[in-house]
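Letters A, B, C and D name the chains as they come in the text, with residue numbers starting at 1 for each one.
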Amino acid sequence: MSKKIVQIPLGSQHISLLEPVKFKFSCENEKIIDVDSDVGFVHRGIERACTTKFKYDKIAYVVARVCGLCAITHSLTYTMSAESLLEGEVSMKAKYLRVLMVELDRIHSHMLCLSHVSENAGYEALFMQIMGDREPIMNLQEKISGNRVQFDYIDIGGVNRDISLSVEDDIKVSLKELRGKIEDLINEFENNYTLSLRFKGIGALSLKEAQEFNALGPIARAAGLVTDVRSESNDLPYSEIGFKIVTSSGGDIYARNMVRLHEILNSITMCENIVSGIPEGEIKTKFKGKPNGEALFRLEAPRGELMYYVKGSSKPMLDRLRIKTPTFASIPAFVEIFKGQEYANAPAILASFDPCMSCTAK
Amino acid sequence: MKINKIEVTLQNVVEKITKFYDPTTTHFLTLNGVAIDETKTEIQWIFADYMKLNDNTVFYVVVDQEDVVPSIVEVIPSAIMSQREVVDMFGIEVQNSAKGLYLDEDSLQKPLSGGCTL
Amino acid sequence: MSSQFIKAFTNLFKKPQTTTYPQDAIERTENYRGLIEYTENECIYCLKCEKACPPGAILFVPCEDPVPNDKNKKSLKYEYNPWLCIYCTECIRACPKAELALTQSDKKPQIGVKGDRVNSEWTILEQLKKGV
Amino acid sequence: MFDLKKYRKKSPWILHYNAGSCNGCDIEILASLAPKYDLERFGVLNTGNPKQSDVFLVTGPVTFRSRERLVELYTQMPSPKVVIAVGSCTCSGGVFRDMYNVEDGIDNYIPVDVYVPGCASSPELIIDGVVKALEILEQKSKEIELPKKLFGTIKEEEGVLNLREMALSVAQKSEQINAQKSEQNEN
């Protein structure tokens, strides 16, 4: 067969793509040789609005709308960077409650990604099953914060709502049930041919490439790169609640699924530890002053490292707010993974990245 | 988190970053711009170490609107996206970086630069 | 393999996961964040909620209908747009008389159709507010 | 309010487009198709093809780059079609109102029939919105059938084809129908 280069577009509206993103694949016969991406469909201009429209104490609600899936991580990272420029101390209880919400959010985000991966493998039943198993977590989030997706739970000084005893019991019960289900899922993802053999060796990223292209989050950890911001900062009490870094090797879709599944198990352990040991204290403390100076904060979102840069000069409006989102930084790594793969695998590989375009474009 | 700020110039920034950057221990976070006044902009290259507590390194340089910022894609391939973003947001030229990552022709141009008012 | 069969068999006798929503109401959790409710008699017109609202879904629009009185000196009328509200409860935390003047109920907001005051009519209200 | 039997026969297919939302409403749409809320028991199917869809679910305040796609998708759908704006930012811009790259709600570009509030809209509200949209879809398809029916009855009664009289009577009848409708609306 002669070599012929074909351009195949994917997106911006496509059945297997939840996100408005356009990829243009240059394919040589069936093989992808180059990828061009257009990620600007969701650009709204949040960074500018945060410095011209909203005061510093409202920004936590605005940046939560950068991304619905990691909303809590966005508002938490912003809040913590703003708090480091103000005078005051967050109580230990508020810190524990913040971590609890972040980890619950990570569980449901990873489960959503896994359900997408199984849907793209042609396993519709498992998609439905994981989406069904995810509902108790959504329910817990609603019980704690009052809403299923956009929590608006974190504010400067602490958290907005206290947790009641009955909710703590609910969390224990639901997480215990979920643990059993995730263990079954691990078995399924390891042994089912549709999910394991189909995905082994596909969309692989080597450790060297991961370092060269600065891959982040589960993609990097699946390639064997030991990086997790949760152990790179001591502002949140991660070391006290049993956090472990989950890594794998191989860097293919199968390894990414495994990393996500084991991270869910680790998050469940952490949530259980938090619920059984929430310290006493206030949920909100007063912070004084206006943000002055520069602060840079990183936090591990479900998709990788999230960074906020805040600059203020003692005014209610900030001078600059910079958001670096995980998907945005990983796009060069995505492009590298696509090269050399079969076009037929493109949707499955894309789903395994768990891309978030609303994060990317802001 | 702690920030180590290192001042550089437009001429030696690529050299300094090449010397500093080791892909096995450090990763590049982002290229950031901060508008200082109507014409001056501070450009920052932000790095962080893997598995080290609170360690961020920031190289910074203050540039004018007409200056051309050198590209570091040769050293760090993943910088391409944030370079294109800075071109769009601040209207500052970066070597080998095209316009139009986010903004269309009829939307507000260089929205984050100091001279931009609605 | 056998465990899967056992699971499939036991699933036959389980309650279905699906809620029969439009027929039976969904049980609300205690903390559900629903519509913002306003009591005009209790309001002291400090306009704190209007300033606090991130999207600007609460407006006190000057009009002629309520005659100016002690509390409401500028004859303002409370307007609320449930299709703009993001239900963040920031207004209630800002309200000095929370639980009396401004409360968050557990009622779900109404579905809008054509003719409801959603977007273009709201823009007119915003212009009215800015014009003063 | 809910007459399920009426809808059981129909199977409206939905098309989903993200015009710049934060993904919150998108995952809630997915959740409402998943087992717990299961919109599929009304016959609702998520398709990626505008040419087979009846209901257009849009999330997000229209950003500059998604404007053309939104209008294009709307025009590609066959009528009768219903547009549902899911989420506060789709209805009126929400928290993104007045940002520089945002067009404050999709009804500046395409006609919207149902506005679903909430940030993010819970599956419960999305189901309410879809049920409401099905009512409107029913009504719209009846309206499309209307002129044909009127022509048919005239032909049977008179046996002669008089175009002018037919047109006049159609006008009268549609006036009557409009008057009835406005009465109903007032009630």
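As a convention for this text, a residue touches a chain if its C-beta (ideal position, glycine included) is under 8 Å from a C-beta of that chain, and two chains touch if they have at least 3 such contacts.
This one's a predicted model, so the numbers in the text were calculated from it and none came from an experiment.
In terms of Cα centroid distance from the overall Cα mean, chain A ranks first. With centres defined as mean CA coordinates, chain D is found 24 Å away from chain C. Chain geometry summary: the mean Cα position of chain B and that of chain D are 46 Å apart. Taking each chain's centre as the mean of its C-alpha atoms, chain A lies 29 Å from chain C. Touching two or more other chains at once are residues 17, 54, 86-88 of chain C. The multi-chain contact residues of chain A, meaning those touching 2 or more other chains, are 40, 43, 45, 48, 61-62, 65, 132, 135, 147, 150.
Residue numbers of chain D whose C-beta contacts span two or more other chains: 35-36, 64-65, 94-95, 100-101, 119, 122.
Shown are all chain pairs that touch, namely A-B, A-C, A-D, B-D, C-D. Chain D makes touch with chain B in their complex at residues 64-65, 100-101. Residues of chain B touching chain D in their complex: 102-104, 106-108, 111, 118. Interface residues of chain A, counted against chain B in their complex, comprise 39-40, 43, 45, 47-48, 52, 84, 211-214, 225-228, 231-235, 294-298, 305, 307, 309, 311, 319-320, 322, 324, 328-329, 331-333, 361.
Across the complex, chain C is touched by residues 2, 4, 35-38, 41, 88, 91-95, 97, 104-105, 107-108, 111-119, 122, 124-125, 127-129, 131-132, 136 of chain D.
Touching chain C in their complex are the following residues of chain A: 54, 58, 61-62, 65, 132, 135, 139, 142-147, 150, 152, 160-161, 164.
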